[in-house]
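Both complexes shown next keep chain A, but they swap its partner, so chain B is in the first and chain C is in the second.
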Partner chain A sequence: MSTVKTKFINDPEQITAELLEGYVLCYPDKVKLAGENIVVRANPKAEDKVAIVTLGGSGHEPALSGFVGEGMLDCSVVGDIFAAPGAQRLFQALQLMKREAGILLVVLNHSGDVMSANMACQLAERAGINVKQLVTHDDISAGIGAPAADRRGLAGCVPLFKVLGAAAEEGKSLDELLEIGKRFTDKVATLAVATGVCTHPQNNALISDLPKGIMEIGMGQHGEGGGGQKPLVSADETATEMVDLLCQQLKPAAGSKLMLIINGTGATTQMEHNIIFRKAYRELEARGLQVVSSRIQEILTVQEQAGFQMLIAVLDDDHILYLNDKKADAPYWTTIGK
Partner chain B sequence: MSTVKTKFINDPEQITAELLEGYVLCYPDKVKLAGENIVVRANPKAEDKVAIVTLGGSGHEPALSGFVGEGMLDCSVVGDIFAAPGAQRLFQALQLMKREAGILLVVLNHSGDVMSANMACQLAERAGINVKQLVTHDDISAGIGAPAADRRGLAGCVPLFKVLGAAAEEGKSLDELLEIGKRFTDKVATLAVATGVCTHPQNNALISDLPKGIMEIGMGQHGEGGGGQKPLVSADETATEMVDLLCQQLKPAAGSKLMLIINGTGATTQMEHNIIFRKAYRELEARGLQVVSSRIQEILTVQEQAGFQMLIAVLDDDHILYLNDKKADAPYWTTIGK
Partner chain C sequence: MKQLTIEAFKAMIQTALAQVKAREDEFSALDAVIGDGDHGTAIVTALGAVVKAGGNGTEFKAMLNDMGFGVMLETSGSTSTLLGAFFLGMSDHAAGTALDAAGVKAMFAGGLANVRKQTQAKKGDKTMMDALIPAVEAMQESASDDVGELLSAAAAAATHGAAETVGMKANFGRARNYGERSVGYADSGAASWSCMFNAFAEAAKE
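Entry: the complex of A and B
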């Protein structure tokens, strides 16, 4: 553990509160705080529509609160750095969002988040709140075809917020949203690669161990080990290997329409992400697959960890409509709409 | 110079071409290539409106080509890593954009860009192309009140693209745009701080020298030295010092309406940017100043250099209208509009 200070923070215990305060001050027309570490829309959705809620630790900015806004999330419940918020805070948010139409709670498959969600949903049920859970598990690093329970939630939650948010604005019911979301999560796969370490901002400890010039495919969002380390290969070789693994998982039929996202996790340049995207797109094209929705952006980071996540989703027509044509107005995902 | 490969690239000589290919493949409904390293809108603006064009080296993604789109830039002419495009390529772009309404060429004050712009404008004049230049010089690291010629162009060009793009869509004339833009550039000031080094992707050389735990306020976009190195201080102390220097330059009257942007330059987390933004906002508030337009985003990076740029602009009412209320639909700046 290093004692050299390298980050612009103040009191390490106040990081989450301060970063959320800065965030809502920056985007006051879109988001506001509705309680300690609970971010909601500045202009709430009509009460007769289903609310989309999520939860997760801070330290992954802009995720997850960056996607609160019209056509995406209604509420993000934030824990401390890399830590799930407690069940009580989540229950408090569910009470705030309570409505007859119901609440869809998106949970990334990480043990702390799942535990908080289950406990809060039990409390909510007793309080007469209509809430259903949708768990994401897009990480394929546990192995091709591994059971959903073994697969963590990575950046796949973000386009899911876009799909669900757009469908909820249209007035879809809770059961319809659950079906639309489940169909999306069943067909999205993400793979991470890391090439550099990051430090935990509260204690300066390295959260992983990766020598310079070494890459690790499959590293998780908190430094969990992946598929082994090897010397860095070229952008094209990396993209080809990752596309191949993701296609092994998804098995897209020829002619399938896909989403392709390169999500920067921290210190890797967008220059590199563009070069990776280029080869991934060309590889998919060569397999007879068509990219119809795409994005190169830091949507879910791991502090300053160098590397990125590659996300591929096989899309239905209604997912394409919700992703590309419907308006979204969150601070870190804006779609003008058609 | 290290021989350890740390970046996802292929042939170092093909970086710019490949990153631009990936970029236009990702956002085909917004941007396309119209020649070697010339990025234009996928759906061009009407010919009777002034075209907004800029130029600059690559390696600063998403700048500058990330802001080509409806309501922002019509064309971005790209050089190699950190290098101005040649006058011939810029002249080629001016020929493509030629129209009776004219072209406004935004030039960041860096010697290579200025030289290319001057030469290309001479060629354009001889070819009967109506083009005028607007040079940006928002960096205050040369000292408070230093002559404009001594001040480099930093991230201030990006909100300028938004202002000019919106005004051009409204049908403002070339002379009107020059006046609107000049009034904006006269009232924008930017200060950079670096806390970590980056490498040049073509030769792996460090472009600056900054030990771990040390910060340098005023470092330029290519590692140019600033106001001296010192041990990293807290987020609040850093924000306070930077706001004070920027206000010394701008001297905003009490009650002024401001834009505040924190632009990440590479490896520093958005978590930190939010915390910096929070204190900068509060400091401005304490001075009786009102932030009415703001953004926390990596808009102009310096490879993976840790640090950020703080930008403050004193806004007129029409600038506020153009920034906040008018539609923009570029890949890295989208405003729904009112």
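Entry: the complex of A and C
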């Protein structure tokens, strides 16, 4: 642990409150705070439509609150840095979002988040709140074909928010949304690579150990090891290896329509992301696959962790429609729509 | 004791809190073998929240529900989730101001059923379920219509179940990765739940 200051912060205990305050001050036409660490839409959607809610720790900005907005999330419940919000805050948010149409709670598969969600949903059920959970588990670093319970939720939640948000705006029921969401989560895979680790902003401790010049494929959102450390190779070699692993998991049929996202985790440059994207796209093209939806963007970061997450999803017609044609207007995801 | 009254049940929970508190460091030390080493603190905090939330209860269903909500809203972590689920499950299967032996059996069975919805752990996985499952089963199998005897049977079974975890290899959750290292030590959750059941039996005798 170093005592050298490296970040523009104030009181470490106030980081989450202050970052959310700044965020809602910047986008007052889109988002607002509805309680301590609860972000909601400035213009809520009609009560007769299902609310999409998620939860997660802070320190991953713009995730997850950056995706609260029309056509995406209705509410994001924020924990402290890298820590799940408690069941109490989540239950409070579910009470705020309570409606006859119901609430779909998207939970990234991390033990703290899952536990808070389970507790809050038990309480909500008893309080007459209609809520169902959808757990995301797009990380493939636990091994190809590993059971869903062993796979963490990474950036795959973000396009899922877009798909669910658009379907909810259309008036789909809670059960229909659950089915649409499951179809998406079954066909999305993400792999992370890190070349440099980050420090925990509250205590300046390195959250993992990665020597200079070494890359680790499979590193998680909090520096959890993925096992595959090796000397840094070129962008093309990295992209090719990652595309190959993701395709082993997804097994897309020839001619499949895909989504491809390169998500920067904090310290790697847009320049590098573009170079990686180029090779991943070409590699998929060479496999007879068609990228129909794509993004290069920091959507879920890990402080100053160097590296990126590569996300590939096999899309069906519904998903393409919801991703590309339906309007979304969240501070960190905009789709003009048709 | 043919009837378990609200006041007698409160005394059971308070005795459990006192006895778990007395062994807090022991449970944390057991947890440190393969986990965070905070189980003692976690179970004391969680039971403390149960006692606080149920203090003014006058009817079983509402009081058990308050106890479940209390532990889940005031504390966090897996210990709280499971303990909270236990009380919510008991609330679903109890009502009124006094329970006879059949009522007590149904209440504890309801608690176990709801815990089972929260964890996939089975008997033999070296978790708190190794104390809870035998305790509730022993209660169901007992032919006695005396509440104190039911609780004594549960306590004996929980003690036996917790002792059996010493020879087991952790097979569940994060602890699974340290399976071999866990052999020779009791599971911290099984030990604390067995302590609770023994406290219940002791309080019922007084």
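The rule is simple: the second predicted complex is superposed on the first by the 338 of 338 C-alpha atoms of A that agree within 3 Å, B and C clash if a C-alpha of one lies under 4 Å from a C-alpha of the other, contacts with A are read in each partner's own complex, and residues count from 1 in each chain.
One rule holds in what follows: a residue touches a chain if its C-beta (ideal position, glycine included) is under 8 Å from a C-beta of that chain, and two chains touch if they have at least 3 such contacts.
Please read all numbers here as calculations on a predicted model, not as lab measurements.
Once the two complexes are laid over each other on the shared chain, residue contacts for A:126 go to chain C alone; chain B is not touched.
In the superposition on chain A, A:142 makes contact with neither chain B nor chain C.
Residue contacts after overlaying the shared chain place A:87 against chain C, while chain B stays out of touching range.
Once the two complexes are overlaid on the shared chain, A:107 sits clear of chain B and of chain C alike.
Touch criterion met: A:4 reaches chain B, while chain C stays clear of it.
Using the contact criterion defined above for the overlaid structures, shared-chain residue A:235 touches chain B, although it does not reach chain C. More residues of chain A lie in touch with B than with the remaining chain of the pair chain B and chain C.
Shared interface residues of chain A, touching chain B in one complex and chain C in the other, do not exist. Residues 65, 68-69, 72-74, 76-78, 80-81, 84-85, 88, 118, 174 of chain C are the ones that touch chain A when the two sit in their complex. Residues 86-88, 91, 111, 115-116, 118-120, 122-123, 126 of chain A are the ones that touch chain C when the two sit in their complex.
Of all the residues in chain B, the ones that touch chain A in their complex are 4-10, 15, 18-23, 25-27, 58-59, 61-62, 195-196, 201, 212-213, 231-232, 234-236, 238, 260, 266-279, 281, 291, 294-296, 298, 301, 303-304, 306, 327, 329, 334-336.
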